[in-house]
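Paired with subunit B in one complex and with subunit C in the other, subunit A is shared by the two complexes that follow.
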Partner chain A sequence: AMAGVGGGNDFQWCFSQVKGAIDEDVAEADIISTVEFNYSGELLATGDKGGRVVIFQREQESKNRPLSRGEYNVYSTFQSHEPEFDYLKSLEIEEKINKIRWLPQQNAAHFLLSTNDKTIKLWKISERDKRAEGYNLKDEDGRLRDPFRITTLRVPVLMPMDLMVEASPRRIFANAHTYHINSISVNSDHETYLSADDLRINLWHLEITDRSFNIVDIKPANMEELTEVITAAECHPHQCNVFVYSSSKGTIRLCDMRAAALCDRHSKFFEEPEDPSSRSFFSEIISSISDVKFSHSGRYMMTRDYLSVKVWDLNMENRPVETYQVHEYLRSKLCSLYENDCIFDKFECCWNGSDSAIMTGSYNNFFRMFDRNTRRDITLEASRENSKPRAMLKPRKVCTGGKRKKDEISVDSLDFNKKILHTAWHPKENVIAVAATNNLYIFQDKIN
Partner chain B sequence: MVARGMKRKLYGSDNGGGSVWESQLQSVLDISLDKFQRDQALVEPSLLRSVLITNTLRQVQSVVKTHLSGVSFHPKLHTQPKKQPELLSTLGSIPAGHSASLCSLGVEDMEDDLMAWPSEEDLSLATAITGILNDLDAALDDDCGLSVPQRLPLASMENLPGDGRSKQNSTISHKTDGCRASILGNSSHMSNYLQEAVIDDLLLDIDTNVFEAEANSVSPCAFSFPADQLVKYLPPFSNSSAVSLTPASPPMVR
Partner chain C sequence: MEYKVEAHRIMSISLGKIYNSRVQRGGIKLHKNLLVSLVLRSARQVYLSDYYAGVCLNAQHIEAKEWELMDADREKLIPASEAAQPSSADCGVSEAAQPGQTRTTGGAQLCLKRHVGAEDGRASRLQEKDGDSLDPSDVAVTSPVSPAISETQCGSSDCETDADAAVTEGDSRQPPKDHACSHRKRSAEETGVSETPVKRTKVTPNAIVANNEIEEGEEMDTSNVSNLITIFGSGFSGLLSKDSAKSESETDDSDSGSGQICCEQMLKNLNPWTTAIVAF
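Coming up: the complex of A and B.
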């Protein structure tokens, strides 16, 4: 159990809901590839390998339906990206949604950015609960009326109708990335956003689709000299001129867009010196950062590499202020994990609303939470077995050697096909969303 | 770069014999090459993945290079097998951390022999390795996803008698005979072996078990031959969408 958001209380995570098919046979297209709460936490979006976006909306708690207790139900589903074919290079562009990022809400409609490997789209999700009736030029089923038959003029009136949620693509930002887009991030100015691929980062204006500014370019003149790629990028939550990007060599660069038009030269360079005693052939691969996230406060950032999560103080470049081991027991298995490609898995990480806790996924459908204040950590599992409504989750433990205690699971029994790569934490409450392959689990703190 | 004699530290938890380290090196090399080749066969391999795998291959190469340049082959081993035990016990007394170079041992007999190391051996060895690497290049360039590249016959590399695929440590005398056989160009063993020989086999075979008893167990290659030749031909990282390795003079990896 961990200190709660309010401080002092322990979390008691309980199962709330699970979305998705129960089938053992998972369709590739249904595999969830990104999960994101919006700014208020009212909406929860998921993207999948099939290019679809599903948005869940939280039910208003009401006396009429006390049991629903803030449940998330499907609000809108739409096909964001379709598979494309690049005829020039003769290759198929996957429709898999790599990232979804919400825009802050400015009116009744909701906006989000979704991206696949090459193209970013701005979607407007709006509700329609009224319909205009009594048009002059067309009749009720939409057929045009014969203008000569119109003898009177009337004002159409708005009539209520069943709620309909529509998603429409408002902008398509295409043809700006040669390599695969790994990140998008909305700027705090709410007007611009950045998109990053393996070698470049571009800055866009949300209104302008036919051009973007390239702000980072690490492509060497000779590709054979390439030894490092960009793995993630994010805008600072408050300073609209600041962003960071992480690399495959475990470094993070913080850039200031005021300093130069091209931010190839960083303002700050974060790297932890390597521990020579733990060096192996896999040191570089496991140091590759798979995710970087600023804290809500903007004072810290968190990075996820293969075995650990690190919290960095933006004012200290030479080492992280906190390091949390996610699954250190895998260190002795790196060669096997290299062979079966698991070492290349890209785990994400997230902060809770108050920045007091962080969460990240692991294998065997385990996910881990760390309390930054108490330094306590917990391992939980997303599984159908623990899916009774409001059932409290039992902490899990991996046995690393010696005698396996009851309820512990040995490292060799872990299912490496069940990986939790994507998790999200409600911005204000203790509600978390965990993507387990094709299922989305929602857990809530009992106190909620 | 790994310091001479410090190889063990690459696998901190592993305090076993050098053969464990070698087999790990071999595994990493095998797996990396396999992945590299498979990725090259894809129309659009992931750039991140390619970079990480290529960097791993370069690391292996760098380790091999360090050891190749740090260890000389002792000719006594193939000319005077009887002296093996004596030599080995001498080598065995080298404490960890010392250079594996035989020159620094101060064992009197050895120095002269080292001086007398015939240069033709160097050349033929280098040529053979070049041949293998060119084949690897060519296979990759082929872009048809062959998992095992064809090999040119080795002129004088082979020193493992019998089953060339065996990765087990053989006894010293056994090894010595093998050395002699290979240097004399015994091709009957080679053709079988060569069908499947890959650079990793090469590295493993060239060597090492000769110094098995040495505490600080040793490099994959007991011969002294220009490491440049070897390292030069490991495949460079190439643009994902165009496999364009130039066998003639591949720009290389530093």
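Coming up: the complex of A and C.
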């Protein structure tokens, strides 16, 4: 059936907008590398491989234009990171934005953290819609006036001007990571945040840039003994002393910062025993966790590995409470996916606002949603063909063998260059943002 | 046998990835290379277990026959360890009256010894234990200690097998067949495999060679073979650690050219261990 699957209340996902060039020839710098709604959902930020950040703002719904139901328009664009060169090691540092995380809003300005492989920056995005006019010491062009010529004093007046959105870097947190940063996460205390690279996790204070606390260090004394790396980390949404980090071995460790200054010893250790019957050359690769996300409630967490998404109850360490297969049909293709490097793709996952549904991406511009209550799942596609305004999305199906039905697509026809790695769900509403290479698709639940 | 071909293919692909990662933008990705090294290890284990099983059966059959013949002459033989020089004897006929099991490892043992440079009286001890029969399981087939080293000298597949069967960690029981390996070594050189440069051989199996060259033969830490750095040497680890102040630029220059040559060689040569070395 077409309708209804994919949300707790039978949502019908419809196309809303698509941002980005239509060109077939995609410049690498334009490839979107992270997508994130802010806490209210009013702002949607994307980062790309070229080091740029683009922020979209949702239009206020108005009775005058009922059909433009809260569309997202460009609010601010700025260059967050530039390519750098480490001369000591003769290494280029990519400007690609790995993650963006918003800070909770405390005043009129908006703050976000953006990071590349080595440096984290705190950006302030503020609006300016007034300008002071009538200065005493300089004239309208900005040229200084001769003080001896000034005979009267006046008070400058604020005059309205066209809205200008300015982004300025307020803090730069540099030189704390030897390895590539894969995660940043703002703490619930709104004062600190953590950053994680392959081997270490650091805790920062948002005001202090010249030092950070190292809270996890899994680098072995002898690098020859290295067997696993940190792949993702996140702060607990409510308990500011708790965070988790996932590993390339498919394990998750929950740590309590109250227990010790260095959280090398975990409080909880989550691991599902491996199924020996499914062992292959690539078992280790596909068990590597690419993303970990707490539920909004803080009671669960979700992990993404190459073929599946797992939901874990924080009170149960020995296995997940739910497992969802994203694209199990790829299991027999692992060797080819290893050859073409697709097996190393790092898919992210996200919760909806009420934690009743989860979403993650796949290939061929497909993305998947799972309803945790009804256990139904749906596959949808982000494509220009389905991009008529408010067009309802048709569920897609991959044919895994036997006779291919009409409208199904066979595994061998999937386009592995079209991968959806980054998706985001509005914190309160059923609005989703899906990054397909250089395009950002926004889908909304249809108003009945 | 299909598994063996598949395993070999996966090994080649993995090595290619590791090689390419050195020139990728943004520096070596530790996570990806760790995963690739795990695949490499798995593939190699499959490849070796298959390979060893196939060749060892043959070798043991031949050796067993010869042992029966030579039993009476055992005590008259000069231990190979004391004759560390390659002899010019033809390797075609095996003369040594060692227990069959050590003979299968003979060729490699010689290689190990010669390149590792260890003075080792163990062989003589072994020889004295006439009555002892060496259990095949004594010959550890976990992970070859220095197949890389032995490979570059003894390119033939026979010698490789012996190397694979080598006892780990330099615990080399001396080879009785000095001549066998030397013959292979010479023929290997003639075939041009020696183009693969071995920059330096290690004295101790586990020492990291502080060396910018990435094409040297490295001995493997058999306790954790999955580790990429262990397998492929310091040229890799230098890029990871900020503790290392090595500049890799000259390394990159030097291996970009030779890498091409080595890649071509890799394609021609079926030997995975030579493959392993040439890729770096």
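Simple rule for what comes next: the second predicted complex is superposed on the first by the 439 of 448 C-alpha atoms of A that agree within 3 Å, B and C clash if a C-alpha of one lies under 4 Å from a C-alpha of the other, contacts with A are read in each partner's own complex, and residues count from 1 in each chain.
Everything that follows uses one rule, which is that contacts are C-beta pairs under 8 Å (C-beta built on N, C-alpha and C of every residue); 3 or more make two chains touch, one makes a residue touch a chain.
No experiment lies behind these values; they were computed from the predicted model shown.
Undergrad: Will subunit C clash with subunit B on subunit A after the two structures are superposed, or do they fit?
TA: After superposition on subunit A, which the two structures share, subunit B runs into subunit C.
Undergrad: For A:Leu88 in the superposed arrangement: first (subunit B), second (subunit C), both or neither?
TA: second
Undergrad: Between subunit B and subunit C, whom does A:Ser278 touch in the aligned arrangement: first, second, both, or neither?
TA: The first partner, subunit B, only.
Undergrad: Is A:Ser332 contacted by the first partner subunit B, the second partner subunit C, both or neither?
TA: It touches subunit B, and subunit C stays clear.
Undergrad: Scan A:Asp189 for contacts with subunit B and subunit C and give back first, second, both or neither.
TA: It touches nothing on subunit B or subunit C.
Undergrad: May I ask you to decide whether A:Asp139 touches subunit B, subunit C, both, or neither, giving the answer as first, second, both or neither?
TA: Touch partners of A:Asp139: none, neither subunit B nor subunit C.
Undergrad: State the stretch of subunit C that overlaps subunit B in the combined model; pick it from 9-17, 81-89 or 117-125.
TA: 9-17
Undergrad: So which bits of subunit A does subunit B touch that subunit C touches too?
TA: 89-91, 179-180, 198-199, 223-229, 231, 248, 281-282, 284-285, 288, 335, 338-339, 344.
Undergrad: Quick check: in the complex, which residue numbers of subunit A touch subunit C?
TA: Within the complex, subunit A touches subunit C at residues 86, 88-94, 96, 117, 178-180, 182, 198-199, 223-229, 231, 248, 281-282, 284-285, 288, 335, 338-339, 341, 344.
Undergrad: Given the complex with subunit B, which residues does subunit A contribute to the contact?
TA: Going by the criterion above, the answer is residues 89-91, 179-180, 198-199, 222-229, 231, 248, 276-282, 284-285, 288, 332, 335, 338-339, 344.
Undergrad: Within the complex, which stretch of subunit C touches subunit A?
TA: Against subunit A, subunit C makes touches at 6-7, 10, 13, 17, 25-27, 29-32, 34-35, 38-39, 42-43, 46, 206, 208, 221, 224, 226-227, 229-230, 237, 239-242, 245, 247-249, 252.
Undergrad: So in the complex, the part of subunit B that touches subunit A is made up of which residues?
TA: Checking each residue of subunit B against subunit A gives 9-13, 24-25, 27-28, 31, 43-44, 46-49, 51-52, 54-56, 59-60, 236-239, 241, 251.
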